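Okay, handing you the structure first.
The chains carry the letters A, B, C and D, assigned in the order they are written, with residues numbered from 1 in each.
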Amino acid sequence: MKKMLDLIVTENNQLNQNYFLLKLTTPNNEKLPEMLPGQFVEVRVDNSTSTFLRRPISVNFVDTEKNELWLLIQVIGDGTRQLSLCKIGEIVNLLLPLGNSFSMPQNKNSELLLIGGGVGTAPMLYWGKILKDAGFKPNFLLGARSAKDLLQLEDFSKYGEVYTTTEDGTAGEKGFVTNHSILQNKDFTHIYTCGPKPMMMAVAKYANQKNIECEVSLENTMACGFGVCLCCVEGTKNGNLCVCTEGPVFNINDLKWIN
Amino acid sequence: MKKMLDLIVTENNQLNQNYFLLKLTTPNNEKLPEMLPGQFVEVRVDNSTSTFLRRPISVNFVDTEKNELWLLIQVIGDGTRQLSLCKIGEIVNLLLPLGNSFSMPQNKNSELLLIGGGVGTAPMLYWGKILKDAGFKPNFLLGARSAKDLLQLEDFSKYGEVYTTTEDGTAGEKGFVTNHSILQNKDFTHIYTCGPKPMMMAVAKYANQKNIECEVSLENTMACGFGVCLCCVEGTKNGNLCVCTEGPVFNINDLKWIN
Amino acid sequence: MDKLKVNIGNLELKNPVMTASGTFGYGVEYSDFIDLSKLGGIFVKGTTLHARQGNAYPRMAETPAGMLNAVGLQNKGVDYFVSHIYPELKDIDTNIIVNVSGSTIEDYAECAARLTDLDKIPAIELNISCPNVKEGGMAFGTSVCSAAEVVKAVRSVYNKTLIVKLSPNVTDITEIAKAVEAEGADAVSLINTLLGMSIDINKRKPVLSTITGGLSGPCVKPVAIRMVWQTYNAIKIPIIGMGGISSWQDAIEFILAGSSAIQIGTYNFIDPTISEKVLIGIQQYMEKYKVTHISDLVGQI
Amino acid sequence: MDKLKVNIGNLELKNPVMTASGTFGYGVEYSDFIDLSKLGGIFVKGTTLHARQGNAYPRMAETPAGMLNAVGLQNKGVDYFVSHIYPELKDIDTNIIVNVSGSTIEDYAECAARLTDLDKIPAIELNISCPNVKEGGMAFGTSVCSAAEVVKAVRSVYNKTLIVKLSPNVTDITEIAKAVEAEGADAVSLINTLLGMSIDINKRKPVLSTITGGLSGPCVKPVAIRMVWQTYNAIKIPIIGMGGISSWQDAIEFILAGSSAIQIGTYNFIDPTISEKVLIGIQQYMEKYKVTHISDLVGQI
C-alpha cells in the first residue's frame, strides 16, 4: 500500500561536492512501510520557488534496525539543491513505496553483476543487501568520473565484491564500466544496471550479445510517480508503459533498445 | 540613491505570537544608506512558493551605532511567515530606501502626537527618535488588541511619553486610540499616524475637526515599490498619486478622505 | 451534509469536489491515499472510440507553478473500458464520469453511445479541448460551428447528463459556451489546458516530443477564474470550474466566480490527498461565514 | 560586441535585451540600479493622445508565479511627454521607444504622428492589446480587421520603425500577426498580458477594481514561448519576444523560439538589475557554445 508520509531527517551527510546522503525516519517510531529494492519515492520539495512537482528518488538503502530510509541525492537543479540543504529534524514529505522492483534470480548459483553509474549506483546498494540476505554473492561494478565520485564503497563491500572504473583513472580501472576487465574475466548470468542512458544501453547490448539476463532501471521524467499522468512512458514491445508503475525496472527483452 | 543590498540577519526576536523584530546589518561593515523616518524597504522573500513579489516593510528603527536596520514583521501570509523564520547569519535582499518621509515641524514648541495601531506602530519608533534628536518631545499613542500586542514599549519610552489603548482593556485605556483621554486632555499641533485604514480615517477626521496638522502613512498594495508599476495609487486632490514614491506619507489635506 | 449537495443536470453530487480527467487515472490509483467515496465525482481518463498509444516520450515539462503535458489521450478504447475497466469501478460510491474524446464527430457520437448503457456512469464529459492530438480535439473547441456540431451529434445519441469541456485557447469563451448550451449540453466544464511550449536551451530542442503541449497547474488559475466568471455571466446551465486548484481557498474562488462544482487536476500529483483537504476547507469556510447552502456562494461576488 | 547587434526595421539595437512598457517607467527610475546605456532599448510607459487617470485602486493582485495589473494606461498624454518627459530622456544612450495606445483609430494615429519628429525616439510600439481599458485597447488586437485598420492608419502617418504589440487573448495569434505584417509593420512584439481575474474570498469581491486584469510574470512564459514559435513560423518580420522572462535562460528560450530581441517586464520589480544579468548570461551562453552572432540562435530549434 502506497502512503504519503512525513519523515524526519536524522542525518544529512555531504559525500562530495554534489552528492548528499539523506537519512530519514518516522516521527513516531512507527515502522517504515516495506520497500523493495529498485523502488523509489516521490519527495515533496518545499522552499523552492522553481520546483512545482515532486522529485523521484530511488530507495538507496533501508536500515531496518534503525528504521531509516536512505536517499542518495545528486544536486542537479533547485529541487535537489533544496533537498541537499535539509537539516536534522526537518520534515520531508514522501510518497512511497513506488514502482516495481528488481527480480530475484531463481537459481542460487546465479552469478550476479550490479552495475551502477553516477547516481545510478543508488538503488544497487539496497538491492545488493537484499541479494546477500537471500544467499547470493552479488558483484558490484561502479563507474564514476573520478575517485571522489565513487560513493558508499564501504557500504557496498559489506554485500559483495566491488569493482570500479573512473573516467580519469584516479581509482579502479580507467574508462567506462563496459570496458572493465571483470566483464571479460567472469561469466555472469544476471546483470542489473542503473545509470545514464548511454551506459545502460551499452550494458544492455553487451548482455544481449552474451545472452545474460539483464534488468535496467529507467529514470524517465515523471509528473506523478504513481501511474495517473501517463507522462513517464517508455515505448516497449507491449506498447507505451509507465515507468513509474510497470517500471522503473525493465527486462531488456521487453524494451525496444536492442534491434 | 536607491540601492539593492544583501543584508545579514543579526537578530530575530519573536515579540509575541505574530510579531517578530528582525535586525539586519551590512555584510562588510559598510555603512547602511541613510534612511528617513517614514521610509520603507522592499524585501525579497526566497523560499516561499506562493510569494512572487517583494514585500514592503517600514523602517522601524535605524541603530546608527550598531549599523543596524530594524524591521518589525507581523505574520500575515506566507511572505511574512518566511521572513519571520530568518535565522541569524542569513542573507536578506532589500531595495532601500523607498518613499518619502514624515515632515519635520517648523516650530520647536509644536505638540506632537504619533499614533500607531497594530503593525502601524513600526514607523513611529524611528520617527520618534528623529524628533527627539531634533529637540522635540513627541508623545506616542499606541493601540492594540491586547496587552501582549503592545510592542517595543521600552524603546518608545526612550523618546517620549507613551500612552496606550487595548481593545480588551488588559493594558492602558480600554477602547480604540481615538477614544483615548489624552486627545481630550492635551492640545496637539501635529498628529502622525499609521495603522489600519479605519483607524487612520478616524484620526484624520478628528485632526481635521480640531484643525490639527496631520500626516498619515498609507499601506496600499504594491508591486514594485519604486514608482514604475503605478499599482499603488491613492486618489488625491492632485489625481492618482503613487504611494510608493509620493507617499507613503500624505498630509490629510491632500487626500480625498475628508469631505 | 445536504448543504453541500449539487445538481448538474440529472447528476447528483454529494458535494462539489471532483477530480479532473487525465490526472486521476480511473480513481482506484488513489484509493491508497484517500477515501474515494468522499468525492463528489471522479472524471476518469480521456477515452476514445479506438485505442490510442498517445504521443512519444517526453510528454512532460515542468514550468513556473505548473506543467506542460503532451500525453495525447493514451487509452485502450471505449470497448476495453466497458468490458475491463468499468467492472472495477462500478462499486465505487461516487459518480464516475467518462471524459470522451475523438478525431471526428462520428467517433465522439459512437464513443458516447457505447457508454449510455452503463448504469453507474451517470454522465460524460465531452472533451472538445484537448490540445495534444493532431486531428480533432482542440480544433472542435475553438470554433463555434464545430463545437455546436459535435455537441449536437452526441446529444442525439446520449440522453444522460452531458457536460462539455471547453478550451481556454479562444478569443471569446462565452461564444463557445453559448453555442454548446444551445445544442442541449447540461453543463460546461472549464478550463482545459492552455497551449504552451518549453525549450531545452542546451539541446536547443522543444522539451516535448509534440513541440507544444497543455499547460496546467496554479499558473493558469487567474485565466481560469476569469473565464468561469465570463461564462457565468453568459449562460444559464451550470459550470464546473477548474484550472490550478491547489487549496480550498482556490476552490472557493472558483465557486464565487460562478462554478457550481469544481475539479482538481494537476495538484493531485503533488498532494494525492488534496481533494479531501479541499472538501474539509470548504465546509469550514461555510461554517465560519454561516453559509446555509453551497449554492448560495455560486457567482456571488 | 558586434555579435549582439540586432536590427529591427531601421532600428539598431546594441543588444537584444530591452525592457517592457509599463514595467520600466521612463527608464530613469532604474538609473540608481543599473547603467541604462547597457540596454538594447527601453519601452517607456503606455502613452495616449490625451492624459488618462487610469483605473481606480486596487490595481494589482499577486498570483502564482505572477501578478495581475489593472493600471489602465495612466499617463499625462503625448503632448506632456513631448514637452516635459522627452527632454529628460533624450540623452540616455540607448533606444527609447514609446508604447502608443488609444481608444479610437484616430487617437492612435494622432498620438503616433506627434512622436514622429522626436529625434531620439527611433520607433514606436503600438499597443493594440491592453486588456485594462474599456474601449479600444485589446479590442483592436483580438480581431484581424481592426488590427489591420489601426496599423494601416498609423503606418500612413509614421515612417520610422513601427512595432505592433500583439494580444495573447486570441484563438490564433498568427492571423493577427499576418494582418499586421501585411499593413507594413516593421516588427511585432508579444505577448502582452493574458486576461485574468482574482477574487478575495473573505470580502467576496474581485481583488481588482476593474474585476479582470492583465496577467504577467513567469506563469505566462510557456504560453508566450508557444505564441512566439507559432508567429515565427507564420511571418517574416522580426519578433520581439516577452512574457515571464526572469533569467538569461528564459531569454535564450525566447530567442530559440524565434525572437530577434526580447523585453523583460514584471521581473524588473523583483530584481531591478535583472536586465544586466540577462545580458551577461546571454553573452556567456554564446561563448560556451561558440555562437558567432546572436541571430544564429533565432528560431533555431
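Simple rule for what comes next: a residue touches a chain if its C-beta (ideal position, glycine included) is under 8 Å from a C-beta of that chain, and two chains touch if they have at least 3 such contacts.
As the structure is a computational prediction, the values presented were derived from the model and not from experiment.
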> From the centre of chain A, which chain's CA centre is farthest?
Replying inline: B
>> Centroid of chain B to centroid of chain C, CA atoms only: how many Å?
In response: 47
> Approximately how many whole Å separate the CA-defined centres of chain A and chain B?
Replying inline: 54
> So how far apart, in whole Å, are chain A and chain C when each is placed at the average of its C-alpha atoms?
Replying inline: 36
>> Quick check on chain D: which residues sit in contact with 2+ other chains?
In response: 63-66, 217-218
> For chain B, which residues are shared contacts with two or more other chains?
Replying inline: 49, 51-52
> Based on which chains are in contact, what kind of graph results: line, ring, star, complete or other?
Replying inline: ring
> Which chains touch, pair by pair?
Replying inline: A-B, A-C, B-D, C-D
> Any idea which chain D residues touch chain C in the complex?
Replying inline: 61, 63-66, 68, 142-143, 169-171, 194-199, 201, 204-206, 211-212, 215, 217-223, 225-226, 229, 244, 249, 252-253, 256-257, 285, 300-301
> What part of chain B is in contact with chain A in the complex they form?
Replying inline: 46-49, 51-52
> What does chain B use to touch chain D in their complex?
Replying inline: 1-4, 44, 50-54, 95, 220-235, 239-240
> Can you list the residues on chain C that touch chain A in the complex?
Replying inline: 22-25, 29-30, 32-33, 53-54, 56-60, 62-67, 69, 71, 74, 217-218, 266, 268-273
